[in-house]
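The same chain A turns up in both complexes below, where it pairs with chain B and then with chain C.
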Partner chain A sequence: MDRYQSHRSLLLKLLSAVLVFGTWEIAGRIPVSYAFPTFLESMAALVRMTFDGTIFVAYAETLKPLLIGIVISAIVGIGMGLWIGLNLKSEWLFSPIFVVMQAAPLAALIPILVMIYGIGLTSKVFVVCIMAMPVIVLNTSGAVRNTPASLTQMATSFLAKDRDILLKVIIPAASPIIFSGLRLGVSAGFIGAILSELKITPTGVGDIITYSRSIADYESMYAAIFSIILLAVLFLNLLEKLESYLFEGNDRGYVSD
Partner chain B sequence: MSQIDLKIETAAMPVTDSAVSVRNVSKSYGQVEALRDLSLEFPRGQLTSLLGPSGCGKTTLLKIIAGLLPASSGTIEVGGKSVVGPGPDRAFVFQDFALLPWASVIRNVAFGLELRGVARSEREAKAEKYIREVGLAGFEKSYPHELSGGMRQRVGLARALSVDAQVLLLDEPFSAVDEQTRRKFQEDLIALVQNENKTFIFVTHSIEEAVYVSDQIAILLPRPSRVHEIIRPSISRAQGLGSIRRDPEYLDIVDEIWASLRSYVE
Partner chain C sequence: MTKITRKLVGAVFAGALAASAAQAETIRIALAETPSDEMAAFFVALDRARANGLDYEWTAFSDEELAIQAVLSGQMDVGFGTPYSAMQRSRAPLRIIFQLSKLVFFPVATKEYQTLADLDGQPILLHSRGGGTDSIANVIEDREGITLGKRSYVPGSSNRVVAMLAGQAQATILDLANKNKIIEEAGDKFTALPMFEVNASDEALFANLEWMQNNEEAVDIFVSALASVWRDMAEDPTIISRETDPDGPIGELPAEVLAGLDKFYTEAVEGGLYDPKGGGRVAAQADLEWYAAAGQIEGDPATMKLEDYWYFAPLDKAVE
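The block that comes next holds the complex of A and B.
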């Protein structure tokens, strides 16, 4: 039964991929625009860049602000979220900051960041964090606040210490929403990393996109965009694996891939 | 001492010692007075029901005894010791089961022992014993969402039994399970009271259920809550549990309780 279902879900995923890429191929062949290459041309460019090593050099550059930013956002974001969720005063103090961060037009703020932190890695890490952190904080604090009262009361009645309640009740209960915040945050972080490379200094994947657009090598440009999406999807799947490893039995059947 | 204690004594009951004593307890939430000067004794080794219309503070009283809520005034004593918070002498069974959805049956049952720092092998051995006792053998590795409502409450019951507390506090434990499961539960509960030598405090809103399972029934009336009456059914269980519901005394007590409660039910 399970096996049959996993077969079918794989089949549907393949079908959905075929549909998307097929539409892309057709749209490229019409063509909808001179600047829109077909799927196959883009894949050929991706293979070429893979074999001449361009893509690896580019990712070595792009992954730096991306990974640093995501790790900072995850650790600080979950920490802040737990604190805000557990403590009403800190919610009043900090929650507005993250709501503003989430709503702020980031592209317009980048010049300020550049003025303060220069054009180096720091500014780019900031952009990734501003994109990724708010949703992680807000999801975590909301999930903590919504821990079922009967579970914490149960733990209290069975003599749980505050630490036990946090580690054995609140965090596992909040984990599905914390992880969905992480997934949203990670996707936003990917967008932030590329945005920073387009807006601050063209390096890595952002450089491939900017440069190949300027010389009208649209195949390479779309290949670079495709590769970043692919990487994001792979990363999100990895995150999901981590979740089901850490919180076995917490799988309530929400999956996004 | 309050009138209630007098009542118990004048009722010429065999004098048993109290496992739990509630003395002059009041509880208010701001302006709202939930309990006023309530006193009640819970005889050791017996099942006492708290019965009353909704909003009469039965669950509030139970949670105060559990140490989950502080009383505004008055004292609670369990086994001669004053209650200031939850303690190892009491275990709670929740109306909504309060099982950890991410934990297997065995971890849920052993959770109370886990929180007390009992080693894994020891607590799982104990949990297995109580899982068998409540009739869930074979479901140790299942998760709560795979169980029916009745089975979930059996897990909650096994968890409360496994910490080996002297007093079991049951907050409308059967209200979320279906009628047939409920009857089975009630029979099992009577057997449990006889075999376990623990004191049970049982909150219910079902008159029939209270009369069926209880050694002593405290009828609470609302706004603000006080003990209206204490009834000690002396229905013989010797002819088997099946005959309790046909016993004239059972029927009389059910009628009598309904007569005193009906004016308080909207």
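The block that comes next holds the complex of A and C.
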């Protein structure tokens, strides 16, 4: 990728940001609703919450179920995905569970989770896992299953051990799709974390959203929503960096065009 | 533009116009929860209003804030809730027209506690931050000169009853029905602490001022139907179960809920949950003092104008 292209892509990103935030600002100024603040007002609220520390206290609370849930989902999810992908019997056994988990209307299941696990951290971690794990598992197992047979056959013919085939052939070949599953899973996990804070007990960012809505402080409410989206985008970028660090070859062909 | 697209665009516009014309005649009511026994009186009033020529439709939102936002954005005409902070902060010309119920809530605690003052420093279970029970807790602290301990939030009185019965909390604030339930089920463990009287509104009906002035007749019919039901109910709470339309949203609730209507309304009327006069200036004044003390609105309630928050004309006509 040459310099000109990297400038152009940065320019395009900035342009799309200006477009979205500009539309927001205009919609807020009309206003489309009394309950819809402008972009600048919301950003002022975000700055205010950042300086008085509210936002950090809130994230300390929200990140707990989010990170625990995402780490569990990533480790268990990729592990399960590899197993399901390598073993036909376990696919029959487990993949329906994850398909159901993915399709289930989670908000409607929350009362059941609360009944079983109470109103604490456990329920919230579960919500994050239910949101994040299925895509990770299904993507990983699909990617493993679709490893080009010629590659594994070649490895076998070079007398590679099973462990080597898995670590040096299958996982690198499957890694682009595993990582795209991870990215989808992580963004679903963010949705789950906020959903749990809105639906189970209001803590952290969910608390800022519900509280500022109940006192009609809509600027703070949209600022909180904006901050979580921003954090999710940053996190996904980080994941992309991790992918290109671990599997350098994945960059080839996709990004440069 | 081809002929077909022109026709299509025309049809869409005609449809939109027809839809908005139809909407102008039908009052759209935003409920803050799905119909339950607590809303039976409101639906009886709606039936009376319909008999007097009011055309309405209702939508149940999952919470009060959504109902308020729907009215703020003009998708709904009349809403349920107490949008004092929205009225003060968002410059929206919303006004309250009728007090549906008062903030009658009961601090309930294990038997170790006998008065509100005993709750000093004790953790308490409340509905949500910034919500009604939170404001009650603030005012209790204020009046008793105490500081409550850690506040945990569990939405829904019935869920807080479950938490109390499971021993997860020592003190909470419950609505009338759930207070009676917990005392009935576990009166040996829990007690309702003596509480001062509150005249502020828990649920009120509000709408956009301009819309009300443009739809005076419909608003008058609506408010006078409400006032008549609230008045009749104060004399005989059983009219609610008798007048409930068996095919309406309340009539279709489970039989055991319907069987409990008389008990619920008798207790509620005795407990002072409903003002037979629909609130009016007394309620407006009490609300401003209450919500200012609770931190929902800013400023000195003595200097605030009641007319900035309430629109009294329809209720004045109805109670004449």
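By our rule, the second predicted complex is superposed on the first by the 250 of 257 C-alpha atoms of A that agree within 3 Å, B and C clash if a C-alpha of one lies under 4 Å from a C-alpha of the other, contacts with A are read in each partner's own complex, and residues count from 1 in each chain.
Heads up, the rule we're going with is that contacts are C-beta pairs under 8 Å (C-beta built on N, C-alpha and C of every residue); 3 or more make two chains touch, one makes a residue touch a chain.
The model shown is predicted, which means the values in this text are computed figures rather than measured ones.
Touch criterion not met for A:51: it reaches neither chain B nor chain C. With both complexes superposed, B is the one of chain B and chain C in contact with more chain A residues. Touch criterion met: A:155 reaches chain B, while chain C stays clear of it.
Looking at the shared chain after the overlay, A:245 reaches neither chain B nor chain C.
Contacts of A:169 after superposition on the shared chain: chain B is touched, whereas chain C is not.
In the superposition on chain A, A:201 contacts chain C only, with no contact to chain B. Looking at chain A, you'll find no residue that touches chain B in one structure and chain C in the other.
Chain A makes touch with chain C in their complex at residues 32-36, 118-119, 201-202, 207, 210-211, 213-218.
The part of chain B that touches chain A in the complex is made up of residues 66-68, 86-88, 90-92, 94, 96, 98, 100-104, 111-112, 114-116, 143, 159, 163.
Interface residues of chain C, counted against chain A in their complex, comprise 65, 68-69, 72-74, 83, 85-86, 88-92, 128-131, 152-155, 163, 168, 295-296. Of all residues in chain A, those touching chain B in their complex are 148, 150-151, 153-161, 164, 168-169, 172-173, 175, 247-250, 252.
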